[in-house]
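Heads up, there are several structures right after this.
In what comes next, chain A is part of two complexes: it sits with chain B in the first one and with chain C in the second one.
Right, the complex of A and B next:
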């Protein structure tokens, strides 16, 4: 057989293998999807009813609704109903069909082929095609910092036909299948944005998506109104006729609005934590902690390692022993959340609790401080200006640290002021909480790898930690071809980090969603309320 | 009178310009800028992202150039563009102004009328139980934090009695029109207007009472009484008219702050007004929007100062317009 033919046959074989593996992977995912569907439907065995209006709280008022341009929390929550991503994610963070009905991954884990759902239209009636996907990716690279970071491993994106999109990666990138959630990669209508100035495009304030609800009205300062998309591609959905997002700036007033029946849904974080137990017990109130698996918010204190005192590992370990995190969980957070064991939340992939432990032990903290030669030098602490709960937490931690002999000065500032100080590395201790986006490569490594030390930026390695072994393991974990290899790398890196204490991990936060029990099936995925009201229905 | 007004307007423009320049620099003294805020909310940031935002907001230009661009805009009645909210500042303010004016003018009218009424009543019956009751109540309303009164009112009238809505400007989604809509808005207005009005009412009551008692001791009142005028006429035509001058001054000051002075009330009752817009703009370092609100509220202060001066003339004919 001539050489050329041989290589063709080889290529065909390879293609066939890829297809077979791809089909197997797809089958696995379909089965998993079915299994999850069964679990979810078993949990919500009642027959959905169509119709009705739901009032939800949104706080603070989003600055805009164009998800490709604005990525703050409230925008994601409202616009997750208007826009869609290629995939959705189960509570276990397995991919589920979204605008892509199926997908395959090549055996070398470098080529991802998505088949788009046929018959999907934008809210203005134009068809959604692969050209929109290609355009969205190019636009997001300019407007969406997180999407740009997520796409850094992509070598090229192609659209062989209207319903197929092929991503080719430079090298295998384990978390790649996890970057297609609506907030991370929303699809944008090419026909409305191509060739326009994105920031002043009139559609930014009246967005057009493919989602289950269409934008209808926004009375600034009062409410945002969305109406059912009658042409939604999942037949029969959404069940609700309308959703109103009520803008109520005061936390106590939001609790009252729920109590008096004026709103039906309080998304996580809508009311002060100390009010959660009371409101949850109101007649007709249902509460769930589900729907945060993708984000898995975890809180910690940045420790500025440029400060010679904090550069000493013993001082950092002393801080971990000095902080009573169980007290914070039980008293300040009213029992909500979980004490963090290290850099990864227990809800994301490759978490391990097989790491050194730091129970509350003031005596040990004092001994470590003495060993480190700490003599009561002043340490500046920057609490997080996110309301009462955080304020109280700052006071409690200050008290903990003072109890073991540390001198703490609290710096009062608002959120932008605090961010500015952290970006400029002008702090010693600073509270924060960050999302983990389901995978260590997406939401964890950025806080510890050397290449992420960059002044003037947020959410990276602002503490200034540098450890070549940690860098190597995070790189290995991101690009390893199998999950087993990834797990091995990430478990090792978690142990090293917890031993080194580059930051003081506090709690895995829990923001329960409180609803009127008549609102059924609101949270069905690991993205929670941000994934929209597509499955929600009202038991009238 | 016209030259007086013209002179005051000219002075007002200079003051307004000074306010703009001062606020322009003051706002920028606060740490953090809109790019930092938006990078903070995006959940990710890199140098390109922050640089892009700064360029978009014009923050990469020298400060004097930014000021010049802003002042030029103001000169052509352009308050600039809020990149944060992706809308012209004038439009954002215009959207919120009616709700704020409805709230603050209602509160102002209620407080002024009732405040003067109770002040007169307390002065008329000075030393009696009625006077003591009015004085003590006025003191309580004057001293109690506004947000606390608001929360207690919500608890009493919304949660327990279920008489009044606890938040918002109207019943969202009800689709009321005409009289039904007006009544709906009125129902929503009652608690915020009363809460805001109580504080001012207490101030006017105390001021009117004190001023009335002072004027009542003056010689011309004795003369009026000696002339055989009835008590009611003396009180209305001689005492009250003279006692109102400090009240008018105070009302003028309050009226000027109506546009931006209801942040707390608007926040607790989710009233979609300028106060909240200003607070959000501050938290988000939305420079253009914040300056825009300052310009509008400063202009209101200047206008009401002018009106106050004109009202003085009406209340007290002895006052002449100095040119």
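Right, the complex of A and C next:
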């Protein structure tokens, strides 16, 4: 893996193979260079070069680009390069300097002090100061649901001077250092938004940020163009002159656009899984699974615990043993991803694999079902209507469960219909996948704590699991003052949950990013392409 | 009856059609005894090309499921949907047409306007809407196909009944005071049947196509494998694995062709003028 996240290596045999091919081709090119007498050392080849235009696919077309107002995946991907947050995050989710060049946390873990980078300007030339930070926080509380939740623990925010911002918390909140990512808390220009109606502000159509790229034009249905910010606060960056985000509605056409060289970057999820191996093997194509660590999407089946059959822990464990998750990974996801061991993805904080294991074991599943007294009652299954991959997955899991003697009926549905059924708890098994946002308190606890049970929501505690001990441990984990204490609570809770199987965890998903190998250094952080064009450069 | 078979078997198209249909029925009925496994079971590695592994002669699909098993179980669904939905269409269309043609006047007007209302809506679009509203299942598919295919039956039967109603034997039956239902059932319908039979054989073919198209679009019954589903699921990987789409496609082609040939043969055999020529 190019960005050294050791925990992922091993899960990606297929990818590694593909990368080896890519490296071999690169090597050949270098050898050729030497042969014709060019002075071209490998070290020299890695020196960033300035200039060039990169075409990337954006799928689907974002509904808007004002990151403080719209937080769709595609919006985050484009606008993460126009706006910036106070911090950036490494693939291991350690905070990195962003608009804040340094930060300190008080010993009681209640006061966070950020020193802003001097000399930062907005795209229109006005300076960026602590007043913008204070304003952004007030605005995001109104327009950004997740930011509002993340800021619940904040008692007050102050700006003692132009380059200092101080957050004071009501009580220690461990994940707090993880909420300053650009999509979670983008900085907005106060001078353009203060006192205006946020929804109708004309700047929403031509957003102004502090980021490495400036918004230039948007031909609806065709492309979004952004150009280099010549006054960017990192000297010499960005390297690229322009980035075009191409809008191509059909998955096959996107693959063809990459093949013909019309686009250089296919962000995760741009093409269908089964096309990934073919496209990755094209000459000059490089592929990586990195750049999703912050989101760490993890897929599972909701088990409706209100159904008396599924309320039986043995039945739930039987389901875990019955599902061949390695098959799903290797065949349906083409080797991408990793079998999930429990509620936390292996890439987020306080993950432990010291939990009960559920290998594929149909015999054990059958025995457990027998013990539970299951007699072939019908169980309804709701696949996720997100296209081919998910449909095939539903078929495979259904077959797995039928092989151990369960009677499964697939309910055919579209996305809104399926969502409706989940929100009304009208399902027995239902596929889903959720982002984890780097910390169990931000992305994991919401799916298992009693207070998150409510009809009419698509996420959170849809399965209806309630365990006072789990509630207590999650609360303890969120507010414990030290990481060691947090770790202890979260490791305990993971063990309890995995033993209890409130939902049937399937895979940690991976959405590979495919690029032309000449696009270098695109993915350097835990959000990947979303803020990657800052460091990207083109090898000509 | 003997005469019918003789004419039917004399026309080459009829024979070919019959052979294909009988073969399809035998496969659909007997096949599952040779393949006791569910066609959804993953039996081999994915994308095994055809004719390479003896256990899966027609190869495997994207999940490693046996294409041949899919074809065999798919035959059941396709034929069943074809036959049952045609039956539904006949059950709706024949009485409506007969009543309209027999009674004439306002009843005729009302029923024919109603029929035309259905005829003006593109049948495939209507079928999609019906299946989408009712949630895809084998029942909703049969109902939808039946509902969009009855208008031609009604119109055909009405025309036949209109012309038969003026015949002397029908007039005689009316004069002797027999009930309307009796006259329609015993006197008129048996004589109006031959074109309906020909039409029905073609309707089975159309219904198979409709079901395949619905499944192709992902509106098939998710619990049953069908040829249309196989084509739809394999379509996206056609560049890597042609066999997943080609074999079920050929199966659809052959069965629809067979049914059309039978229709032609039936037409020859049941048409009194043509069959007399054969004498």
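Rule of thumb we're sticking to: the second predicted complex is superposed on the first by the 494 of 540 C-alpha atoms of A that agree within 3 Å, B and C clash if a C-alpha of one lies under 4 Å from a C-alpha of the other, contacts with A are read in each partner's own complex, and residues count from 1 in each chain.
Just so it is clear, contacts are C-beta pairs under 8 Å (C-beta built on N, C-alpha and C of every residue); 3 or more make two chains touch, one makes a residue touch a chain.
On a predicted model such as this, the values are computed, not experimentally measured, just so you know.
If you put the two complexes together on chain A, you find that chain B and chain C both fit without a clash. Once the two complexes are laid over each other on the shared chain, residue contacts for A:332 go to chain C alone; chain B is not touched. When the shared chain is aligned, no partner comes close enough to touch A:390: not chain B, not chain C. In the superposition on chain A, A:433 makes contact with neither chain B nor chain C.
Judged by the touch definition given at the top, the superposed model places A:148 against chain B, while chain C stays out of reach.
When the two complexes are overlaid on their common chain A, residue A:360 makes contact with neither chain B nor chain C. Shared-chain residue A:205: touches chain B; no touch with chain C. Applying the stated contact rule after C-alpha superposition, one finds that A:402 touches chain C and leaves chain B untouched.
Once chain A of one complex is fitted onto chain A of the other, the partner contacts of A:413 extend to both chain B and chain C.
Our summary of the superposed model lists a minimum C-alpha distance of 8 Å between chain B and chain C.
When both complexes are aligned on chain A by C-alpha atoms, chain A residues 252, 413-414 touch chain B in the first and chain C in the second.
Residues of chain C that touch chain A in their complex: 38, 40-42, 46, 62-64, 132, 135-137, 218-223, 233, 236-237, 239-240. Across the interface of their complex, chain A is touched by residues 30-33, 36-50, 52, 56, 83-87, 92, 95-96, 99, 151, 154-155, 158-159, 162, 165-170, 172-173, 266-273, 276-277, 280, 283-285 of chain B.
Taken in their complex, chain A has these residues touching chain B: 53, 55, 60-61, 63-64, 66, 69-73, 142, 144-146, 148-149, 199-200, 204-205, 219-223, 225, 242, 244, 246-250, 252-253, 256-257, 259-260, 262, 413-421, 423, 434-435, 446, 454, 456-460. By the touch rule above, chain A contacts chain C in their complex via residues 252, 272, 274, 278, 327, 331-332, 383, 388, 391-392, 394-396, 398-399, 402-403, 409-414.
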